[in-house]
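Next up is a structure, given as structure tokens.
In order of appearance the chains are A, B, C, D and E, and numbering begins at 1 in each one.
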Amino acid sequence: MKKVGVVDTTFALVDMAEYAVRALKARGTGFKVLRATVPGIKDLPVACRRLFLEGADLCLALGMPGKAEYDKTCAHEASLGLLYASVLEAKPIVECFVFEGEASGAKELHSLARRRAEEHALNAYALLFRPQELARHAGTGLRQGFADAGAVRPTR
Amino acid sequence: MKKVGVVDTTFALVDMAEYAVRALKARGTGFKVLRATVPGIKDLPVACRRLFLEGADLCLALGMPGKAEYDKTCAHEASLGLLYASVLEAKPIVECFVFEGEASGAKELHSLARRRAEEHALNAYALLFRPQELARHAGTGLRQGFADAGAVRPTR
Amino acid sequence: MKKVGVVDTTFALVDMAEYAVRALKARGTGFKVLRATVPGIKDLPVACRRLFLEGADLCLALGMPGKAEYDKTCAHEASLGLLYASVLEAKPIVECFVFEGEASGAKELHSLARRRAEEHALNAYALLFRPQELARHAGTGLRQGFADAGAVRPTR
Amino acid sequence: MKKVGVVDTTFALVDMAEYAVRALKARGTGFKVLRATVPGIKDLPVACRRLFLEGADLCLALGMPGKAEYDKTCAHEASLGLLYASVLEAKPIVECFVFEGEASGAKELHSLARRRAEEHALNAYALLFRPQELARHAGTGLRQGFADAGAVRPTR
Amino acid sequence: MKKVGVVDTTFALVDMAEYAVRALKARGTGFKVLRATVPGIKDLPVACRRLFLEGADLCLALGMPGKAEYDKTCAHEASLGLLYASVLEAKPIVECFVFEGEASGAKELHSLARRRAEEHALNAYALLFRPQELARHAGTGLRQGFADAGAVRPTR
């Protein structure tokens, strides 16, 4: 049975993991969820690697960087760490970050975080169980959390 | 028989892989294409490494970062991940990124993406099968997607 | 018995390690502290790796970058080094940096550094001994050194 | 017999490798040149690693980033990749980059590229065969492609 | 007997290694100095790794980036390379960089470079032979090349 690691933070303002796990389970079966919660986004890479060493086939890394310039730096560092852990283990890490500044107001932020977590959970599912679905949508401008951009046609 | 990995994203607005694979096959034979599609450009590095572990001798990584400042950061992170995967495996990854902001309008973007994908596919082919062709064009100002810059001569 | 590495610098203006170790010991028992002091924040990553090789299960890396633009660059480099060491060893490094510019005045800086060191020490403890406590606070907007941000609710 | 890898790009506007190899051969004997040409500067790191695996003792990596902001990002990424490959293999990579924007006009660019390629080739030679020559010039403000800066004296 | 690697560049305007080695030898005995000189700061990381492979227990990496924006990028890349080499080998690299722009005028630059090289040499000595000295100065605001900042007290 496949194992999906789901890692999130106590820093985030929304419990994105809850929505992600629900979306995963609503999407299909045949996998087990391994959960971990860490303080902040820079703690995600090692947590993912540890879940890989415990048998995870893929990790979903959920985080919500703050609004300050320094938070962007932290997100950049975390992303590089996630890339390093992922390539090192040769297993996918689906990064799902929602920047506080992306939404205006608490309600919109919650809604964005929920939707992006759900849609990245579906991406994670597809990577593990339905790679042909991703292939079918190659170059079609999919987005997570916002409306899809759609494909650009040569005749437009 | 050589194996060429071709990895693209569902985020991109153009199906660059289709053009790349066609260009590869029009150029020559004696290779097999391994395909993978991932959600976004930051998922490319691990996908390339996984194709290397499945036997790919080279990977072509196709992506289309958006227009926002954050998309540039993501592209930078993805590039570093591709460099890491490539050096780690000691196998070439030909990065082919088209930034949305490089073109004005959908038609031009499509045309640029197609041409760049095709020309990078030819680069990939040359790296694997015709290294002497690359050597013959050393320092001659070749470009992909735009007109070549041409060599600078000492007397100009 | 678990081992907690605590690494700090002679560059910092506050003895954060003292507060961190006190907070650790006040929180619980069943662990041994391994201490190291290095000149500056860029010396922290290798010091952490060395403590891991001596048996540490987790490291707390304490530092205080200065106010200049260059200090931010150094902090960024140090953070990437900490991420690298942590993922490489598959053991957590809790980074606790206080930027001089975060506080106005010596008293406030001292207070911030102390509080953040203590709260990150509690995070370190939780990571090692009480992971379920972190899980319980997933997505609740915890902060270290400042007041917690709190969770955002869908109905607000 | 020592082996010197010389890697350049089809992107560059000047055939720097030609000048570098000539300078190497004019400087001394007892080495063999291993050549590779890749499309762009980001392809240099893996090409160097591959030459190391073929026996190169040192690589000279020649490239010419364009004028745009994005070209600087690419150069930065390429440099990090070269550093990674070099440290990983524990063998020197002499990076010789000429930015288009460093010269005004084609003639000056050609002249700068030639001179820098030649001078970095001599550095490569010294690293392999005459380390004591480098030691003799420690802290003397040597430059490649431009006039040397010279040492700063305590009494000036 | 311990071995201290000391690596510097021909690019620097001051022979910092001379001052560093003198300071090391004035401080104590029981170690051997391994010397290497490379062209520029980006050549330092692999040189350190090579000295580690020759038995160095610690390396002192001395460099002097120029005044231009690009020099800062090079210093950043070199620093990341030094961090990578250091963590990889699990041995300390004491980075001692003096930026040309830090001093106004040649005399001040020379004096700053000398003092910083000497003080970092003492740090290197302490890391190897007197770790308890560093521990005694934890969080006391030590600086290298400039006056110490001193510790911040809770009551000030």
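The criterion applied here is as follows: a contact is a pair of C-beta atoms (placed from the backbone, for glycine too) under 8 Å apart; a residue touches a chain by one contact, two chains touch by 3 or more.
These figures come from a predicted structure and were not determined experimentally.
The fewest steps needed to get from chain C to chain E, moving only between touching chains, is 1. The minimum number of touch steps separating chain B from chain C is 2. Chain E has its Cα centroid 40 Å from the Cα centroid of chain A. Each chain gets a centre from the mean of its Cα atoms; for chain A and chain C, those two points are 25 Å apart.
Within chain C, residues 80, 84 each touch two or more of the remaining chains. Because contacts link each chain to exactly two others and close back on themselves, their graph is best described as a ring.
By the touch criterion the chains form one closed ring, and its order from chain A via chain C is A, C, E, D, B. Note for the complex: chain C touches chain E at residues 8-18, 35-39, 42-43, 45-47, 49-50, 53, 64, 70, 73-74, 77-78, 80-81, 84-85, 88, 106-107, 109-111, 113-114. For chain D in complex with chain E, the residues that touch the partner chain are 72, 76, 79-80, 82-84, 86-87, 90-95, 99, 120, 123, 127, 131, 134-135, 137-144, 149-156.
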